[in-house]
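Each of the next two complexes has subunit A plus one more chain, namely subunit B in the first and subunit C in the second.
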Partner chain A sequence: MTYDTIVIGAGVAGLTAALRLADEGKRVLVMAKGVGSTHLAPATIDVLGFDPGPVASPAEALPAFTSANPEHPYARLRPGLIAASVEWFKERLPAIGYQGGLEENFLLPTAVGAVKPSALVPETMAAGDLRTGGQYAFVGLGLKDFYPAYLAANLAQAQPDGHAVSARSIEVSLPLAGRPDGSSAGLARMLEEPSVRDALVRELSRKLERDERVGFPAVLGLARAGEVWRELETRLARPVFEVATLPPSVSGIRLYNAMSSALREAGGRIHVGEPVVGAETSGGRVEAVITQPTARASTYRADTFVLATGGLASGGLQLDSYGGVSESVFGLPLADTPPPGGPRFLPDYFAEHPLNRVGVAVDDRFRPIDAGGQAVYENLHASGATVAGAYPWREASGNGLSLATGYAAAAAILEGAS
Partner chain B sequence: MIGGGSTGAGVARDAAMRGLRTVLVERKDLADGTTGRFHGLLHSGGRYAVKDPDAAKECIAENVILRRTASDCIEDTGGLFVCTPWDDPAFGDEFVAGCRATGVPVEEIRVAEALRRAPRLHPGTSRAFTVPDAAIDPWKLVWGCARSAEEHGAQILLYHRVLGLERDGRRVTGALVRNELTGEELRIHADVVINAAGAWAGQIAELAGCRVNVLPGKGIMIAMNHRLVNTVVNRCKMPADGDIIVPIRTVCVVGTTDTRVADPDELEVTQAEVGEMLDEGEKLVPSFRRARALRVWAGARPLFSLEEVSDTREVTRSHALLDHRERDGVEGLVTITGGKTTTFRLMAEVAVDAACEQLGVDRSSRTAEEPLPGSEDGRFYFLGSRLRAREPVPQTDEIICECELITRERLEETMRRRGSANLDDIRRTLRLGMGPCQGGFCTYRATGILHAVERLDHRAANASLVSFLQERWKGVHPILYGDQVRQARLDDWIFQGLLGVQHLPT
Partner chain C sequence: MTELVRDSLDHCVKCTICETFCPYSRATPLFPGPKYVGPQAERYRGSGASVDASVDYCSGCGICTQVCPQGVKIAEINSQARARLWEERGIPLRNQLIARPSVLGRLGTPVAPFANRTLRSRPLRLLAERLLGIHRDAPVPQFAGRTFQDWAREHRSPVAEQSVVYFHGCGTNYYEPGVGQMVVEVLEHNGFNVLVPPQDCCGLPLQSNGNFRAARIYVRHLVANLARYARDGLPIVANATSCSLMLKREAREILGVRDEDVRVVSEATYDVCEFLLLLHERGELRTDLQPLALTVPYHAPCQQRGHGIGKPALDLLALIQDLRVIELDADCCGIAGTYGLKKEKYEISMAVGEPLFNALREAGGDLAACDSETCRWQIEHGAAVHAVHPVELLHRAYGLGPNGAAG
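Let's look at the complex of A and B:
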């Protein structure tokens, strides 16, 4: 079978490109080594959080940001595309119930009690917005990946948005008998059981103050998250919200599930566990990609390809012991590499390390380009963390970059086809 | 007693066991200096059999004693000396002769047998010899000595820096020390001061106006994520850079270099040194560069020399006892330096002998007979012990550091016992954050727990977290490649993206 487009990588970038194309009637196949970085990160769509101080409005900050950072992937996007991608995402995934937009960032508490600006947030996290001020109670559920007392101690001093909030912690023990060493995902499944929620509500009702909103680690249900969260809001009679914590990210798993089922419903296919190990190319075009899930190699053909394998964190880019950095599937030329012989990382952990922004450079159609600025393959597009020039974990732009560049790659393919 | 490395802790124990009123002062944590920064080899003496026979004899004698008295700190891995394609097989004969002459048990085995014991060894290996090398855990060893010293009445003052030695004419009468955590100063009176500050011994002796020529020799080591070998493997040649791989705990360590440095507190690791070490590793175990490297560090050997030398490899690995009465006309001060962790017990014994002589006390050491706490049953440590303790019964206790199988209960108990806000102290006690993720998952958890156990305010807890990250990064950034760079990038996402720790006040 020949596909219109094969997308390599099943993170937010790859799934966004695939879903956009499938929605337009394209035959799309997503091939991935494993589930993407969705499972490692919260489901918030951070477009631009820091530049370098906190950003109140991404819409207002972006023009200055892109002109100051002309090599940033955002600077490659046509005006209005980020806004369009954010609005599309919000509407396309009703199960997550995204709130917000580009105009104003939410200010969400992190699991250490720092404050993170975020453009789009799942409905289960929205009530954690610190801009409203007031009293917050954070509930530990005995989860080893969440420390509400430490969180509250920092938050009480943080003065987000210029005014103080009050924060305290409450420990609640759930009936965990026979379930040792609970993980976030395990706890999320437990909370889908009515008896567990009954016990939680019973104990919490006694401990909460009148005007407190209440924050939990992001474990309020997995398949039935909306339901669990709504029920807790109703029964506790106050705003309830989740705080993202260590991977595996339950909110990220929900996002992956929502995106992958939307894709399947739109006619797309996903092969997870089938890494692409190479490609057939000729005449400046990619003809096919090669996978080798078992001993036998398989070849998949398509008209266009999207590379969304991620950066160093997910193996889309690799660094060898001699300091050589390479793109894993096509061996594409890379930009923003440290000077030869120079350091790749600096002794200060929080420094901007020379290797931080490495990736493939792209043209305005998000095609990887060589040093001369020419597209390497006319039908290969790149998106997400594979693209050079960003510093997403410091800018707080992670999923925003993936969404916008995945959306842009799909747009380029659709325009090329029409 | 000045210095909290293996020698200092050994001295404190030996002196306390002889009934001397003893106090140990250490400027940082126990085993924070050279003792905690070596490859973990309990020498058989084979390494020195040809080049430094006196050191070889000391090593094998102490090896036998420690196997008996510190068994819980030792994994009996055995050791091999192998001739790789880069080594002259004829050196093997010289090696065997050296071992025989110094009493190091040695046996040549067939190469096929060596490859059976260490299947990843270079298949072009031409000769192989067994020796009783082993792996020794420096933190367990030092803490064992310290605990035993305390049981015998000694006092251990950590994070106490010696500012000066008290003098009464030509006699040293004690020390002025400062509590580094509180800033409080303290005068300690002592009839004898023993200087076992290792690579820093020259600095301490200078406080009494004595010149001790200690040459800090920098050695770098790299820990690999897997035990590429399960027995110690040495290159069968004269001592050189990168000539050994030691399997210890969950990792194996390749070492080492020997470069003279001016200041034992300034030990930088360069990309070039890392590259050289990996190339040498490749000669013992092909594909070494494709294995996952976890961490690199450097230690400062305390090499004592009577005269100026340029190449620190030429300085003997034997220890040096300096009684400053005869040497400098200063009474009440003994310096013990040089040597190796393998010979720490002997060094402690001779140092305390010298102190006893000055004190006019006639009691002899019992450390060669009396086992350390935890080693009474004579059983060696084995790698699966933490798992074995957990496995048989279903446990509800959580594992906070999955890499090193540290439970919440154990972590909380250690935090209470140590009473320290420094997660690196906890690391040295429990190996927190020393596994493949290098603290990626346990740092946040441990900070949350420390915040509660120690009742820290938010700034102190944040400082603990951030300084632990910085400390872990120090040993990671020079060797980041392959899978470990993926791990480091995930850690960046966790700490800077998800948690935003860079925005916290410290």
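Let's look at the complex of A and C:
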């Protein structure tokens, strides 16, 4: 098939680029090896959380951050683009009901009771903001890898500056016997049943104290999350919020579902389970990408392409057994690679590992460039964790990077076309 | 295990994405999920007898493999583990029987009125459930009485510059010869001479029921028949998406049949919608399509998605004016070939299909489109809407007329 744009990768970066383009009437195809980062991450949009201390306002911190880190992807974005991408995201996915913006970071508790700054949070998580202070009750539902007593004890120690937080835990046992799926996704489907919510509310009402906010693992519904959360808040008569869980992340699944169905409704196509294994290029352009589903290869043509395959964790970048790094689809030149023979990693987890920032360097239109600064292909753009220069797990910037660079890649394509 | 499957095993990072997508583990506590019975349990299976039979509750829909971000061949691992399990335990008579559609077809066709009455008779279905373990309510098709092969022998395909080979599969041959005729007529309308060589079952139902030995015999026999056409450069076109997937991928990846015949046939095999859409891209598909003022929800069957070609039916049907196609985002209809026929699995199968049935009911109307025949029968059973192959809509829009044969 021939498309206007083919996006490779179905994470937040790829789906953002695809949805922006489809909304502008472009014929868009997303091709992905599988479902990716959305299902493992909380669905909050963390733009800038640490620099290196906690960031209270990304809007205020970003100018200093980008001038101190000129090779960072954020430094490539034109002024105002991050804000525009965040506003667009809030409006475009009403089902998630994103709250917040660049002005102030929320401080949300994680499943282990750490404190994480996030710019945009789903409406179901907003009431967990620790800046409010006060009493927080965390409810366990028998879900594996979500221990509210541990969460509460850690949180009491963390005490974010100036916000007096007291936390305790409550265990509630849902009638799980005979239920096929005890995972977070299974619990989320279960909580869509009114009788299960009735039992939960009955038991909790007896155990809650006045003025407590109530935190649940993020399993309050899957397809009808907003509805389940609102009902609990009404019936428990106090603020109710979700805490993102370890994988599988139901809040992330909701985000993937919201983005992919919005894309379908906008006329875009998604092919999951179709890894791109190569490309046809000529005269400095990408003409087509190739898949190999059977003994016969398939060719997909487009005018422009967006590479959003992720970094080392997603296989967008590959590390071989000699420590060499390569880009998986086009074999693009990489920046920030460790010197040959030198170490790739250091013993301290949060150290500046030589391999941390590896990726493809891009120009102002988010096209991968070579060592001389020239675009490798005039119609290929890159976004998300494939792009060099970021350190998302220390900056708390993962989804913010994906959103802003996916948005920027689409903007560059739309401007090129007009 | 085949090398390809073994090599993918170590890529599993236990991210659980497959488990969030598996439509079966959410419907029954008897199936612990694709990761658990697949990459996880496989490490402990070794060469000894397996103590864990839960892998038998995997239907082989293959959704886990499609969504895995690490490229682990989860469904393939499970299919091979199921075969080893049944090799150790001995395959039950029922699974031997329902896995041989061409044998059943040959027995049922000459006595079709009698056989169909038997299949509709409540007392006899109860008896079949007791004696064989085939669920009393499971959707079983009706014999057409006259096979597609029989029709094709008398049919004169017009001489044309280009020829294609039509692989019709057992469902078309014994139960839905009308669908086969429509495929042939649509191809002929587009200027092809259609060859229908003699052909038997591809072995897929045997593979799903763990009888790899017999499945290999069937598929080797079939590709030996088809390979000479493939070597002559003729495309092989099929409407049964699960049977064509056997030719394209599964014979090599699951059954481990890796000879040259299988490779050339895999290279030459096309799903019919894929084939027609490729024609359209080259500007060679006739577009003398009359408008069809219909709204049709479309379900891409799991095995169709396993082809790795997207959903060509959507683009193809978009060529028909006034036809509104709604792409459904349901996982699986639950039948999985023979899975939903089994007494102990029927309820699971219906629970798996429920979201699809609901989506079809919500879409309203009395017509749906779906590429695979067993899924169409399940949809008709579960949602009470008439389900057609997408080619049937093209056939209608081309004005090729009502079809005489049963289908």
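Simple rule for what comes next: the second predicted complex is superposed on the first by the 414 of 418 C-alpha atoms of A that agree within 3 Å, B and C clash if a C-alpha of one lies under 4 Å from a C-alpha of the other, contacts with A are read in each partner's own complex, and residues count from 1 in each chain.
Criterion: contacts are C-beta pairs under 8 Å (C-beta built on N, C-alpha and C of every residue); 3 or more make two chains touch, one makes a residue touch a chain.
Because the structure is a prediction, the values reported are computed rather than measured.
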Subunit B and subunit C placed together on subunit A: clash or fit? fit
For this session: Please indicate which partner A:Gly315 is in contact with in the superposed arrangement: first for subunit B, second for subunit C, both, or neither.
Result: both
Next on the checklist: Going by the contact rule set out at the top, does A:Ala396 touch subunit B (first), subunit C (second), both, or neither?
Outcome noted: first
Just checking: does A:Leu40 make contact with subunit B only, subunit C only, both, or neither of them? Give me first, second, both or neither. both
* Does the superposition put A:Leu81 against subunit B (first), subunit C (second), both, or neither? -> neither
TODO: For A:Ala288, select first, second, both or neither according to whether it touches subunit B, subunit C, the two together, or no partner.
DONE: neither
**Message:** Quick check for you: in the superposed arrangement, does A:Ala185 touch first (subunit B), second (subunit C), both or neither?
**Reply:** second
**Request:** Using the superposition on chain A described above, determine whether A:Ala149 touches subunit B (first), subunit C (second), both, or neither.
**Result:** first
Applying the document's definition of touch, where does A:Pro247 land relative to subunit B and subunit C: first, second, both, or neither? both
### Message
Just checking: does A:Val201 make contact with subunit B only, subunit C only, both, or neither of them? Give me first, second, both or neither.
### Response
neither
Partner touching more residues of subunit A, subunit B vs subunit C, is chain B
Rounded in steps of 10, the angle in degrees at the Cα centre of subunit A between subunit B and subunit C is 80
After fitting on chain A, the minimum C-alpha spacing between subunit B and subunit C in angstrom comes out at 5
Where subunit B and subunit C land on the same part of subunit A: residues 40, 180-181, 247, 314-315
In the complex, subunit A touches subunit B at residues 37, 40-42, 110-116, 144-147, 149-150, 153-154, 156-157, 176, 180-182, 244-247, 311-315, 318-323, 343-350, 353, 392-394, 396, 398
Within the complex, subunit C is touched by subunit A residues 1-2, 29, 32-36, 39-40, 178-181, 183, 185-186, 189, 247-248, 253, 261, 264, 269, 271-275, 291, 293-296, 298, 314-315
Listed in rising order, the residues of subunit C that touch subunit A in the complex are 15-17, 19-21, 25-29, 31, 33, 65-71, 248-249, 252, 263-264, 266-269, 277, 281, 305-311, 314-315, 327, 329
Residue set of subunit B touching subunit A in the complex reads 271, 275, 278, 289-290, 293, 394-400, 408, 441, 444-445, 447-449, 451-452, 457-458, 461-462, 465, 469-470, 473-474, 477-478, 480-482, 485-486, 489-490, 492-494, 496-505
